[in-house]
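Here chain A shows up in two complexes: once beside chain B, once beside chain C.
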Partner chain A sequence: MVDAETDCLQVGPLGECMPTDVENWKSEVYGNEIREHLMEFAEEGWESIPEDEHDAWFERFKWWGLYHQRNGQESYFMMRIGTPNGVLKPGQTEVVAEIADEYARGPAQNPEFGDGYVDWTTRQSIQLHWIKLEDIPEIFDKLEANGLSTQQACGDSWRNIVGNPMAGKAPEFVDAWPVIKELNETFKGDDDHANLPRKWKVSVTGSPDGSGQGDINDLALEPAYKEIDGEEVRGFNVRVGGGLSRKEPRLARDIDVFVRPENAADVAGGISALFREHGDREDRYNARIKFLVDEWGTEKMRRVLQEEFVDFELESAGEDIREQYTYNAGGEEHGDLIGVHEQRDGNYYVGLNVLVGRMGADDTLELAAIAEKYGSGEVRISQRQNVMITDIPEAALDDLLDEPLLADYSPDPHPFMRGSVACTGTEFCSLSIVETKNRQVRYARWLKENVELPDGVADFHIHLSGCTASCAQPQIADISLRGMKTRKNGEPVEALDIGLGGGLGENPQFADWVGQRVPADEVPGAIENLLATFEANREGGETFREFIARHDEAELEAFIEPEETSYTDPYMHNTKMTWYPYAEEDGMDASPAPTDGEGNSIDATPADD
Partner chain B sequence: MSVALRILDDGAWLSVNDQRRVSVSELWRVYAPEFCECALVDFIAEGFTNVSADGRDVAVTTYGQCIACGESGVPGRLPVGYIHKGEYRNYDRENIVMQPIGGRPGGNQQ
Partner chain C sequence: MSDRLLSVNAYTTLDLLEGEAEAHEFTESAYAVVNATAPRKNPDHVKLELELDNAELDKLPAHADRVRLTPEQARTIAADLKKYANRVEDNLEDEE
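Take a look at the complex of A and B:
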């Protein structure tokens, strides 16, 4: 039922405000029990899902990492595999590559990436596309036989836990990997935490570089120390309520709690339970814990946590080490784990740049082989959509660096390639307004060929997100790009809003959105002009972030000078209105979807219009 | 016959009887002089927050932006389709001028 006279999303027969449809569906079937139904549907085929239950089941399937692809691609799913802290154990990368090769092939090809590819995500997970419902049991069998899972990769529960991907290998102030493992093992599949009001994103970082990006998570455990009974104890300070979505970015807020590693699961579980009990289930737009922190403030958060959800005395916050943060901190250091780095055991890890995080199945297979040949076979994923090969003896480094794969996935990439992050975009995503990954690939290549970076600028982040959900984390980039539309010569075209000066570090800063609705083909010119302005007007060795911070909004607006250049953009049309933006026949009518388990079209055209 | 109307995926689309019928990123011409000073709002739908059935009209509360002047917010409940003999039909949204049903419900809700 809907009601025209009230803002209530669901109105009952007596005019009362009802829980949302999503909450109703979750109260009927959610969490682990979804799997049994999913497997039955997969066995019976796409058409066995009752037509009037599609919305309910697709919402539930998210809990098992399956996201129904966008309009025009019905019956195909994005599958997200959650890899805690981005760690792929020996052999697992090969499994992912094989699954991508066999199952992640759709009815049309991407001109930059072909088909059968792996996306490394900004939350250190893996996404595959064009997955057919009928193939899911086989895929799950293969994943789970190799210690991988899609459980809770999407949906309203504990998502993939993030952190410095080199936890346990690189220098750390406090050992984060055992804590991450414990949280993952405790809260994946735990019925008490399976149905939260909304997604629950957790970061645990032990390294002193800030690369866990705790500031933009619902719950952040950040390295800290505290003198207790005359002894220095190392552990974590707790921050709550960060996130970037919906033009409502928030930095996680300090709730004045220090937690020892051995108590991390109790405190994290207590905060998760607090969210479960007090989060807003009547309005999904207001459900994330960042809004609860807005409403309550940090003192009440701490008090309710202590009184209702933790049965020992919480310790006040310790001394943090945020002044040491170098990751995305706006300085000269990359901090992004690309390149050759020594581990604390004397071996090395090599971070490879994966442009916009997408790697073909063949290349992923080769990555697995190289990791096995030169290292332990382990691969790790960073929040900048890149991969790290670990455990390489010093004597094997030169041979590894000579491998042909590293010509395409460089350990020493050009700054424009290195700094590029992009979300999924209209290729597959319902939320996005514009095409993203292919566009950012073209931007990076054009900028590399045509634009000189000012002296000393080796680290320059450009993040392209298709919408305000902010999956590419645009607000923490030097240049933030977000999907929009405009008219050019009277015709609607894809455009981008431009933000400047975002980043993390000791004093994180969200981008200031100063450029509005710039036609997508004029964005590279705008970046070129902006960098020229920076070079001409910077004071001394001023960094780009310092330069942006020194100017007010009106001045920054004047720095955005969109301009057509030699750059060409094949995606200016409304890609969201296509069934697939790169198909030769791209109109919705040409879509082969939905299809059966063999990929044959099933006629399911709605009566219309 | 009842028609199930829902906004799903963080306001990304309107579901009608479990089918995706209206998506964000559409451009609409809207007559809403209270929203901005443009003669017609050149409105991009960025997100849906509610759906209502108003008479035969199906209307979505939509936040977005006038791409001509930059004003952003919620111009009101915008009719995107209608119910005919118990079935939903899309309006030809690319070629019509929409008019909000009722007044503007408030400022920017995004």
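Take a look at the complex of A and C:
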């Protein structure tokens, strides 16, 4: 029924006119009300969700960090725990490990990782899989009793706020943690910012290394200084409209605003409100604020922000310190937080490499124990899927470095191990075209055994994403890999598009896509050939990124020489058509899903024999 | 080479086809992606889109083509596709 005044089919909770479908689902029952329904379904079990309402409910469950897993894995959920800035307080890592151990187990095992594992994500959050609806009440109780939450870790709202995970401890130009904390407390769960046109990704960095990766976020606060009334004020420059997904990656753009830390929440809230009011609600594919910045330009964005969404005079941009950025920059220094680093209080933090971000529950428990034994018990998660143990006294470093766990999660890993990032892939994700994590593990191992990096090349970043959604942030890596399919020996096989020379730093740049549909088993050979070409043609001590930048597209295309090598790939078949890529009987009809709360198959139709 | 234009993920209708672009002066062939979809909100048309892998194109710039269809038009195409699918299948079976 059309509203007579507004000519609107559906007037939303904030008085706005809401288009149909997804917006409708959101308007009927949204935000905190969803929890009640979720708990009811959990009590009554999977089958209590009406089948014709599955889509609607799965969309709503995203408010609570629950993503229904893909075809063949019905009734299982991925659960995302949002940890602002990737901070796990003492005791919390243990809780995560225990939940993984008890609840993140499914009907089959991953040959590389077993089951009951924890995924550290590229937004400094935590993902667990194979979660049963029926276990949600217990899981939420346990999480919330320990200060952890899954609220709005997904959906059209403020996503987990990222930054330098070591905010407050590593040397910083300006303190980011108080701002992150304030933003999280003010906007997460706030009704006015709970129903945005699309996801809202915020990064706040105070350190000079650029490790918050602000350039790929919708809203970035980056360290800056400005002389105001004769005094040097430290605060943040504001950039808006970064984002990787779909086909249109964008860097966050400078809107000529400097903000003091104490005003950061007002300005961030103003931009979020601007997005709420002006973002495209008609076309989800045009909804991210990056497209609004494209359309309006930065001057209009600033003007509208000033006129309609903040009630004080905005300062113009200050001086940034981007020339100091090293994180993911493809420069001469390490572009990550791995290794032993001094904190500003004289203690140390140790960054450990977690290959493709996945850690077994046992190992995670061990990590918690070590953090407790040597440090304060605190653990932090980085956007490269790695973890940091904080607050280690200098005298304890040697003993910590001797711990057996660090043999598997090294503070001094080989560049190929260190540089690997991979998304979830066809193992669980309904969007992915190819298998990712196990593949990248095999790539990293083979490259480490078989390929030498040229002298002085300390880092080599390879990011593998299963599709164009770009969750593994492929566009900002030395080598970007993105899932596709091709034909080999007449058969469809998994393949990867290849991009080169991406990176952040002072002058961020997205990768050049130079190879399409390279069979997945020929990619290591292509990388080997590429590195040989780099070594042979390298000028002086130029970095890989510099080398790529000085060649044109035609030259770069020629650098990609796919080749079969001793590398073998067990996932060449179309893994998205399996119910689980590693199951012995992997056809869809062999799937045990959906299952009840105990994991027993629910027979949809009676057996036919 | 440029980045792909069409998003390609597990929901894309077909991601591995043999495609061809014909111009007066030339013909180019490449692997192709075809997708049928409709807007998630307020779906008021069916979209049929096609992209040839630009890595394999020499003459044509990277591009994706799409047409907007009414439900009737979409069904007309579906019917024709089905008809020709049957015809091809019958012929291939005869050949065996």
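As a working rule, the second predicted complex is superposed on the first by the 583 of 609 C-alpha atoms of A that agree within 3 Å, B and C clash if a C-alpha of one lies under 4 Å from a C-alpha of the other, contacts with A are read in each partner's own complex, and residues count from 1 in each chain.
We take it that contacts are C-beta pairs under 8 Å (C-beta built on N, C-alpha and C of every residue); 3 or more make two chains touch, one makes a residue touch a chain.
All values derive from a computational prediction rather than experimental measurement.
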Query raised in the report: First (chain B), second (chain C), both or neither: which does A:Asp254 touch?
Result: neither
Requested in this report: Answer with first, second, both or neither: which of chain B and chain C does A:Glu403 touch in the superposed model?
Outcome: neither
Query raised in the report: Which partner does A:Glu372 contact after superposing on A: first (chain B), second (chain C), both, neither?
Result: neither
Requested in this report: Examine A:Glu535 and indicate which partner it touches, taking first as chain B and second as chain C; both and neither are also allowed.
Outcome: neither
Requested in this report: Look at A:Asp363 in the shared chain and tell me whether it touches chain B only, chain C only, both, or neither; answer first, second, both or neither.
Outcome: neither
Requested in this report: Examine A:Asp55 and indicate which partner it touches, taking first as chain B and second as chain C; both and neither are also allowed.
Outcome: first
Report task. Using the superposition on chain A described above, determine whether A:Glu553 touches chain B (first), chain C (second), both, or neither. Result -> second
Report task. Based on the superposed arrangement, let me know which partner A:Asp512 touches: chain B (first), chain C (second), both, or neither? Result -> second
Report summary line: chain A positions within both the chain B interface and the chain C interface are 21-22, 70, 246-247, 284, 426, 430-433, 467-469, 484-487, 492, 516-517, 576
Query - chain C partner contacts - residues on chain A that touch it in the complex - result: 19-23, 70, 246-247, 281-284, 426, 430-433, 466-469, 484-487, 492, 497, 499, 512-517, 553, 556-557, 576
Query raised in the report: For chain C, which residues are in contact with chain A within the complex?
Result: 1-11, 15-16, 31, 39-43, 53-56
Report summary line: chain A partner, complex, touching residues on chain B are 2, 4-13, 15, 17-21, 23-25, 27, 42, 44, 46-47, 49-54, 59, 61, 65, 67-68, 70, 77, 87, 89-90, 92, 101, 105, 110
Query raised in the report: Tell me, which parts of chain A touch chain B in their complex?
Result: 1-4, 7, 9, 21-22, 51-55, 59, 70-71, 245-248, 284-285, 426, 430-434, 467-469, 483-487, 492, 495, 516-517, 574, 576, 606-609
